[in-house]
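In the two complexes that follow, subunit A is the common piece, with subunit B as its partner first and subunit C second.
Right after this comes the complex of A and B.
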């Protein structure tokens, strides 16, 4: 009999590589503010050893994990601690999502219902009695205000105003706009189209777009998330077959579709993953290759503080957005020290999480107050809600800042 | 989309975000260079405690009082032999720390002694302000010490600490303080760690309450209060404030990891690097070099798919085995990021280690091969623009010689000068 030696680590999520060094516990934003959460080491690789023996060791406190992945960024041994925790929740949790969780998670459905009634829904959702009902009956914290719903969805605007003009360009990309652009803030999508058109790219929507599913995963609905993910993958495959890159303006949607689909939902995305990119990254790479040029308005001035959203940090893509912003001559750029803002999508909307969410973000809010910028730039829409609510400072996506600072005519000329 | 890669250009790309990489990054950025630093996870600074060693011990294990004299007698393989002027670079290192907000006591001319978490005294070079430091281990500066712990905090082994000091003729009383806020932490025993205690004290502004507790349990008759270093995670200000609130002279002693002073060093050095305009690529890993003969043109990373980081010069400061700067498999030891040459001990694995774990382990001296200017080598050829610094270098055993931080910082500063004087 020959003895075989295992020469390579082959555990799921690099689980066996954990040295028990505890560095992850230093960077967990949740355990820093509450002792009720066992922390990434215990919730992740340590707990997993027990769970593998007996599922009774699963602890529902794992739902306190923000899935920010800052433990993974800190880990010197590339253990996918956050994935271990989320996978355990999917596998072992017996907690059934409440009506509130289902509503928060179904951004698509709720957006579709709310948009036609936006003129009524927006003010009503801001009324104190309504907030009291949401807080008391639904468990949505009274301090929170739902982001406004737009009365005209981005898709409707695009189909009527932009789509007919896109065939005039010689190069093309597809745009995964996400729920936020579609239902809440179509302006970001319009800004994206403006910038891409100026550098000579036509923009197209995917044949079918569903919510990326990040909120479904977080709220315990992985099966629905998987179904929606498969729809997105099918549409993206068609776009990629036409030679399109699939661009987004949300770091979290991007991260979910590139990494969580495969790691958590078991969706095979290997053939499209490399084509999914954030718009800032796509633009910066083209600029660095000398394929496009941007020209900016001379009269543009703004003090911008950049906040590194957690999933942006996890993707390692922060330098793409910051280098792009720093190309704008009129920008006075401040880099904020990277820390979680505390909202984590739908997490901070739940009344049981509100205080924790604000405590987590406090360090960041203090930094922003001290930097005193005209606006905060970040690639994540839920960070935007949290920072605007907590600091009063307006928050813009880098693409909107580029669009605002861009000299469109001069840029068009440069890219003819 | 696929096909051609884009490039981000810098003057210098540093691989590794620990003490060595950050020292080089700060020194080069202070000289006006555009520096990028790629860091795969957090560094061993988190285990380092509040002191930096230059050279604490000779080959036979004897404590050294005058490290500079002993450096002159080191064998030729030691990285210090590639430094132009150890004494001057040691001064520069101290200033680099100072400008990053890390004030230290100590000089390269004479070692002082730090207290380890298990009560041993070890010779060291620089100690962060506020941490206990002893000039001469044979003349303990205190007659009667109150060793104060927090109830239920397990990473501060007071019995060992007290025994260590009693052996040296110091009278020691162990005391403990209780605060309700810490009792709450105790609900999750795995989380009652130094860094979380520090966050609880700083977030809830418990300084005065904590100091009152210490003062009431200590009482009179002591000439020193020693506390676990569980304060000052983001800056040293609060840690120093607490010491001033205590009626008796007080200092901190290192705890078991994670180390609050170590985390602070990491974050303040990083903050300094960023403030100088450095670019930090967090949680990413260099996976391949792009070469043009003996010139490194660029590096690819795991996360920046489609983008190469290009630079005039590169510094490899990825650390030793524990940081994955060196990797051992069953047959050989290799450098995984760029595949540069390693000074190894041959294929006979039995020669890599000795059976007695307390003996010097030969594998500790394996590391990246460099020429006299700290250039790396590839297949025996000296690379013109790729340097190595810190624990990734071959030729020394930092556990036996107590020279880890010194090698990290001084080789980084020498590489900086070699690059600037090219």
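Right after this comes the complex of A and C.
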């Protein structure tokens, strides 16, 4: 009996299952560029043993972790290394979030404040003196530019322009647009609505949507993240009860709500988790089941290089987006070797991380320069900022590329 | 590397366990000229094969008042003089539904009589204080138990003995006792690393060889009837508990769970074994089953926690009756003045006792030695801190490895090189041992091979059991002597496997297979090692 319990032993985050092979450290983008970071094995399962002994063994160097989860992808024994590190930060870090951290993390609040002033805020945030102030006073690196705020939020557009038309469809989905679409780049949300409508799906917003909380977790505000997560779960439960899939256009929001809610925040999401999906995955699955068809414009030509965002790798969902893109006849598709771009959400915005962030991404930037595409495609908005800033190449979400290449009328006909 | 030895010592202490080390320290502090000899490495025997429990004495309070009184006194002393070896965890004595709750009041009363602070607490409070404790408990008593690292404690005693002028030799085995005119005048030593033999003379020879003291006495023609009682223990991969957990009942099998460093240890069993088997103790599957089943009653989560190793030690008890279990025998200290007892002058045996009463044992035997040598100086070991346990001054910001090293070496941590990339690089990632710490151990702490290094620094004691660190440590230690490094690695990996083998299943087995693949498959250590040289590693 006792031996049976022993052999089936599984520990919290599988930390005891670590066989010390160190493959995670080989794949860690941070370890590759700095000896100051202990690496995922040491920061994760090794450090955890000592932290269980005494919390004084917590090392603030763990904040160098990008939470990219590439260690978890590499692990042959399913140890949740990234979760162990994030959980340790939540549990043991004595570092209090600064004003900067709070501003970077509170995307909802800052976005709501900035949107009405977008025409003023956008140019001002680009001014050198302003950047110098942000760099010196706030610790936001001077090389970074905040993504433009949109003067009209996606939600406002949707309610006025799109919502009234959605009831004409027989099938429906809910859309978790995320902060980026809402405050910075409503066009992606519009593209999503265009594609879904074309294949015969009505789009609906959730009853109440809050930021998924990824930036709050990363900046040491797990309690607020949990509160917001609970709001999202309540709304999603209602959507799922109506038979809606909950779709997103951001890999990071998706990953956070599917996996981090349960693993790090203790939010019970098991009843909605499987209904949360990235739009590309949802579409590809429908296409493969023969339920929908896409028709593309014949005059569309573009050389597209696909970048695998870290959380796409962790979910194992890269093929959904790439196969969908490859369906577009006019696309000259280049697959970039999978590696972290270095931004990791708000991480790269902090001046203490800037150089490390750029060093991590350098290999990727070189690959993009060499491939010389018309645009880079990726499912993560923060990768977009990083790649655009670092290479000058425009970056598009696969859904925007689909929307751009789509022959809407023909698609509507096919899906009648 | 053979040291110049003196022609004559006041005292030769046989045995590099905690008793011998403590005795060497005490003798040296009283101004005696001391030679400490050990046939293998320090703390190879029972010293390194126990719970690492700094008893409060509560365990013995009901059955053995004398031991309980000794324990609590030494417990308080060691917290002061060996601060860096002790972790003040506190302990619980829990009563489970199957135990007699009436025993608790007797227990508390006897503890109080022995001067042990025993505080009955609400079982609910016990669960908050120690979340790993069996939630079915019906009673709990808090006592001042703690955990102690016997490897560090032994080494600190040796270091202090040396600071007071003592000489110490490891891998030197006493192969004969030299007797002239009815008096022991010295010992014949064999260097176990190169086979050389030599005679060393002393006015007094103190036999502090634990269970092997029986054999040492035999060489002197004196009979000591000892009782080798094997105790097996299991080490778990990480701590499930942060307080010592005991069963509140008469001492029985597997009823103490001790948090030691980054692991926890359940034990022990108690079985009489023949003296011939004491050099190679093996833990049986039945013992593993028993330890695990009983351990789960203290902390149910042990059942689903990875077991790293199984090991066994032999208690050096003096046989006083025919009790087959060995539990009713006093753990009391026995000092045998062979001049009085057997008419053999110049020879004293110190035995019995416990790891944690070593200082008292040392004091007793040193008192006797001083009396014989006409030295009047009083014992100061109870008030003088050991090297590493001096009052702390430094409060700089530490890395993980520096924190871990400070835990191991106390204030001596300051002697470890750090601050440059090489010194700070980790040799052992599980236990946070840096290159600097390995170098320090090699130069200052009598390290001849990887097993010695493990006892000084915890290299190879973590979850990977040497999988990654052994090779790196061998590289740091051996420099260009690759054949030595290969022999050393082979010996070390065999020793690690010995402890893993009784619990080789699940992830531990996967770990062992990966290790075997690395050392045999990739590195070919098994084929390259010189077998004869590997055999000299005690395992």
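Quick note on the criterion: the second predicted complex is superposed on the first by the 411 of 416 C-alpha atoms of A that agree within 3 Å, B and C clash if a C-alpha of one lies under 4 Å from a C-alpha of the other, contacts with A are read in each partner's own complex, and residues count from 1 in each chain.
Criterion: a contact is a pair of C-beta atoms (placed from the backbone, for glycine too) under 8 Å apart; a residue touches a chain by one contact, two chains touch by 3 or more.
These figures come from a predicted structure and were not determined experimentally.
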item	value
Subunit B versus subunit C as contact partner of A:405, first or second or both or neither	neither
Which superposed partner A:114 touches (first subunit B, second subunit C, both, neither)	neither
Chain touching more of subunit A, residue-wise (subunit B, subunit C)	B
Subunit B versus subunit C as contact partner of A:57, first or second or both or neither	second
Which superposed partner A:16 touches (first subunit B, second subunit C, both, neither)	second
Partner chain in contact with A:319 - subunit B first, subunit C second, else both or neither	first
Touched partner set for A:279, first subunit B, second subunit C, both or neither	neither
Partner chain(s) touched by A:42 [first = subunit B, second = subunit C, both, neither]	both
Which superposed partner A:364 touches (first subunit B, second subunit C, both, neither)	neither
Touching partner for A:72 - first (subunit B), second (subunit C), both, neither	first
Overlapping contact positions on subunit A, where the subunit C interface meets the subunit B interface	5, 7, 19, 21-22, 35, 38, 41-42, 46, 77
Touching residues (chain side subunit B, partner subunit A) in the complex	1-2, 4, 6-8, 36, 40-44, 46-47, 184-188, 190-193, 195-196, 199, 203, 257-258, 263, 271, 274, 279, 281-285, 301-307, 322-324, 329-330
Partner subunit A, residues of subunit C touching it in the complex	237-239, 242, 259, 261-263, 289, 292-293, 296, 303-307, 399-400, 403-404, 421, 426, 429-430, 432, 462-464, 467-468, 505-507, 510-511, 514
Subunit B contact footprint on subunit A (complex, rising order)	5, 7, 19, 21-23, 25-27, 31-33, 35-39, 41-42, 46, 72-78, 243, 245, 274-275, 284-286, 288-289, 313-320, 323, 335, 337-338, 359, 362
Touch list for subunit A against partner subunit C, complex	1-3, 5-11, 16-22, 35, 38, 41-42, 45-50, 52-53, 56-57, 59, 77
